[in-house]
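These are the structures in question, set out in turn.
What follows is a pair of complexes built around chain A, which joins chain B in one and chain C in the other.
Take a look at the complex of A and B:
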């Protein structure tokens, strides 16, 4: 069943509440949780962009490496070529998109499981290049002392982006704009074609859809936004190294996406938010640092057993339940008419 | 009042009890008798989970013993007042992002006065916050040091420079061994260590049978790695500073492939397990750099680590003999230095303690008096360097063979080390 796209009154109230929460949240949490909030918001962009790529039915293991391409690109543009950081970030994201374009030619000769393995191999090649070439990539230690986002000083207001609360607002704006673009892409004809290729690729091709081009487009768009997330990450931490973008990190992205669900745009967001809160806030706060991986694994198993359609299925059920209750409250005449 | 016999355990009361117990740490237990005391908090920011946990968690375990002993003895006296020492730990998972979050929590929420780190991948995430907050931080990896890291010190382990003592001892005691091979994971820990071993072998007149072999840290099958290493029949097999997860399978592979030469390694964590999986005979004579602290050689008067044998016994009692690792004592020895400096400074403030610690350019390292050094290699004299033990497996047990001087080796062969560090891009001014 197609998703409802128009926003009703309840939806508007929900958006308003969400906006208030997003603006207020840095002031409601501790200093260390502000740091987490920045990383979490960046990760939201990573998983949502990853979902866009999965719309064509191809699951890549190179997405985190694409994030790394953006991070390395942006770091080098800023540090070695003297680009202003905001421009370097965009250039880093474009670099990731260009690399994805090049990788598309060999990768999209494959499908399904073969594409998965191929994307892993391509990602590893890229990651090993960063590790192998100390100049310019810094080798295993990576690039350090990457310039941060420039401070804004207007006399009456001074914004230091090293402060996690300030950087959070910057990241939030970038991520919200990116999510809006990704949402519009999915709801456009291009997005519908992605879905068509996913479910009926031969049929799509028979009516003139160039499946290769659309798969490539999804990969490039997803990589561009992953690269943008990587750029935000690099200029926040002031360091990038190849280990940050290894297959372990990719496994986390897969887990967040799968636990959240991929049939709705908000599914991966639910996954990354819920699992980050569980792992980084709840499990740490109860002082079980050393058994966190064990408990995290247990929670994942339970989630997969009891929520096979992801956390988004809870939202769908809750919405259906509310609609059902709403139906019971409609005037008698209307209820009868429906019957 | 209900009689004892009338109290029944229902499912509801059981669940309520369990939930209450689980929430206790969140809501906080009443602080019993320390409310009126002065407390100084020290941060522990290292990997407690993940592949590098072997160089974090055993250190935290050792620090708990150190803190318990100090507090049982009435705390440390600073400025005429006794201070209880509390540890605040954060698992940084060897990741810069988590380390930044952890440092923020330790500094801004836990109000620690000193942070101990493993360093390496995690340090860049902490560097700026440490500089901005003027926080003194220690690392086990002096390759983190640069002229800009003025509040970062390497007061215990000058990794990998102490590895020269093992090679130096090997060359002096086994002059017949003439060729060597070395392997390491291709990362920030492996490369400077390889440079150090190459310099030490060259200084000792030992030639390399093949170029250094760097394997990917994701490697799980070490059979081909070992086959390649042994192809030229080396006299010495050097395992560099491989992580514990690599040293064990590498030793097993060397055993299975019939290697008969000498093995030298930086660490040999949980070596009892390796002895079990190979044999006492195979492991006899393996050289590394980290002693068990039940070694009687550590009772020498020049050793500054307090009660090493008792420390080891307590560690084994609490956590088991097989849990002892290279770092079990290191963070505790850093705490010794810090406590001594804080007492001399009469303050717990990081800047005061740092000045007191580096006063006169000398310090009391765990293995004897040492000097603050490192300008030629790290651009700053923030590494405490002196003697270091050479440890040999004898009859399945780690035994200190001799203490050797790192500064003496450096004075004679420093240029070789600079040359190899430069070749592998490991000098501080080569880091991007």
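Take a look at the complex of A and C:
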């Protein structure tokens, strides 16, 4: 899916505006919304890394558990082994990547729906192990009092990461760097091979592509970044427990990704941002807390009925209209949906 | 000790029964419509709440309430087919997401109508069968009888009746069935009614034993997925066998160790089946 990669003048202005918004936004919202903003930014990394995993055509239900692996890993490295927190975060992400490597061997024997459910089972086993074994994992209560990100004190400048606004900037930097890496991976030979395996797996195998290894690679890279997101999450909330990473959370990630759309890198970001704003800001401000899931469910159904190719299809159509070429085409949105 | 074993066998038979009802409905829907109904656990929940409404609140006889629950949940199934699955027929992943939306709506309606707390359903019967030191309450026995009866009826319906033939034809190949003059829409409606109604009956019959709550569907759907995978996704017979297998393994491990270990063992069982025989015990080739 080669797209224009150079940035035009309009694009540059767009990026500048986006940068200003991203930097200014914590100062425009309330304290509780600042906390939400941190979680939203972490979730952006979760859904974008999830999309990378789905590029090979396999939808995993273990992604949130991989996030949990990073969170638990990082928490244990920091708390039990005394790693400095930044190092523990990276170690946690690597742990998630290693677990994904191991799980690849049974999981990628399956395809399609079987992989979906198989990955769910594998993830759920991992989660139940955290729940059952109190010794390192703390059982159902999980791990508490995880050390926070160390404050930076340079004499003239003092940054305390317990303040959600400051933690937001930290998360923003980590997430932006991660997004850039994920983007580069997709545009590289490896990423193109992911697409090839998705659309023509027999053909690509016939020209010598080891589909198993590339599926594993996509799963491992995605799990690494999910793990990183989990680590950011653990040291922010200072507590992790098995229920945070259960299938409900996974369902939300799936919803964000599909409502946003998966044929473009920004699709899942649109999904998670739009749905979080709708749920947490608009529906909360109406003040109908009890009916919120119902309205959310309705929005979900309407979105899937009327925007089957995701929110990104709106952007694609708008851009095509601006460029003045009629007949907007979403090349693989429908085919993704058919999967 | 033999009493203890017999008791566990009784418990497992009961668990196998209602799980089989739920799993068979899920398989039927998947077979005909090609969509994973994530809201199936909530249809089960709706069946249980039908008992709260018709039996506890309205004071109707229990079995009348079960029949009303069956029809009610079956109609919910038809509603899902008409509003969600029909427009999304070419988009199974969309169908899955839409069913998640429907699940949220049903849960919220249950909370609004009945509150968050568990509902108490008075016992239907105090009787029990005693064999040595083990016993089986009538309530559990009714569940077993209802399951055997309904599944036998479904078997003959699918084998002998014209609609049954149409249903199986659609499950094998939708386009080819349509070319033979079978109405896909009508068949899908029947499949949704039957599939949903089976889950509804399971919920209705077990309501006095489980104290219904709005979120009771969650654990059930996970178990049902495990069962349909072990049995082979398109296979009704497989679902029944897998339900029995899973219920026995789960009940015995729960009795001898604990519930969490039992869940892990159940998932490992499923993973083992997937790795060794990815199409499940009774599975046919994967649908395209």
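Note that the second predicted complex is superposed on the first by the 322 of 339 C-alpha atoms of A that agree within 3 Å, B and C clash if a C-alpha of one lies under 4 Å from a C-alpha of the other, contacts with A are read in each partner's own complex, and residues count from 1 in each chain.
Just so we're on the same page, a contact is a pair of C-beta atoms (placed from the backbone, for glycine too) under 8 Å apart; a residue touches a chain by one contact, two chains touch by 3 or more.
Here the structure is a predicted model, which means the values were calculated and not measured.
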Joint occupancy of chain A by chain B and chain C, clash or fit: clash
Chain B versus chain C as contact partner of A:300, first or second or both or neither: second
Which of chain B and chain C A:30 touches, first, second, both or neither: first
Chain B versus chain C as contact partner of A:238, first or second or both or neither: first
Which of chain B and chain C A:162 touches, first, second, both or neither: first
First (chain B), second (chain C), both or neither touched by A:290: both
Partner chain in contact with A:247 - chain B first, chain C second, else both or neither: both
Partner chain in contact with A:134 - chain B first, chain C second, else both or neither: first
Residues of chain A contacting chain B in one complex and chain C in the other: 128, 131, 247, 290, 292-293
Residues of chain A touching chain C in the complex: 59, 106, 109-114, 117-118, 120-122, 124-125, 128-129, 131-132, 247-248, 251, 254-255, 258-259, 290-294, 296-301, 304-305, 308, 334, 336-339
Contact set on chain B toward chain A in their complex: 22, 25-26, 48-50, 53, 57, 89-91, 95-97, 100-102, 104-105, 108-109, 121, 124-125, 127-128, 132, 143, 186-188, 190-191, 216-218, 425, 430-432
Chain B contact footprint on chain A (complex, rising order): 30-32, 34-36, 39, 79, 128, 131, 134-145, 162, 164, 233, 237-239, 241, 243-244, 246-247, 280, 284-287, 289-290, 292-293
Of all residues in chain C, those that touch chain A in their complex: 36, 38, 83-84, 87-88, 90-94, 97-98, 100-105, 107-109, 111-112, 218, 222, 225-226, 229, 233, 260-261, 263-264, 267-268, 270-271, 274-275, 278-279, 286
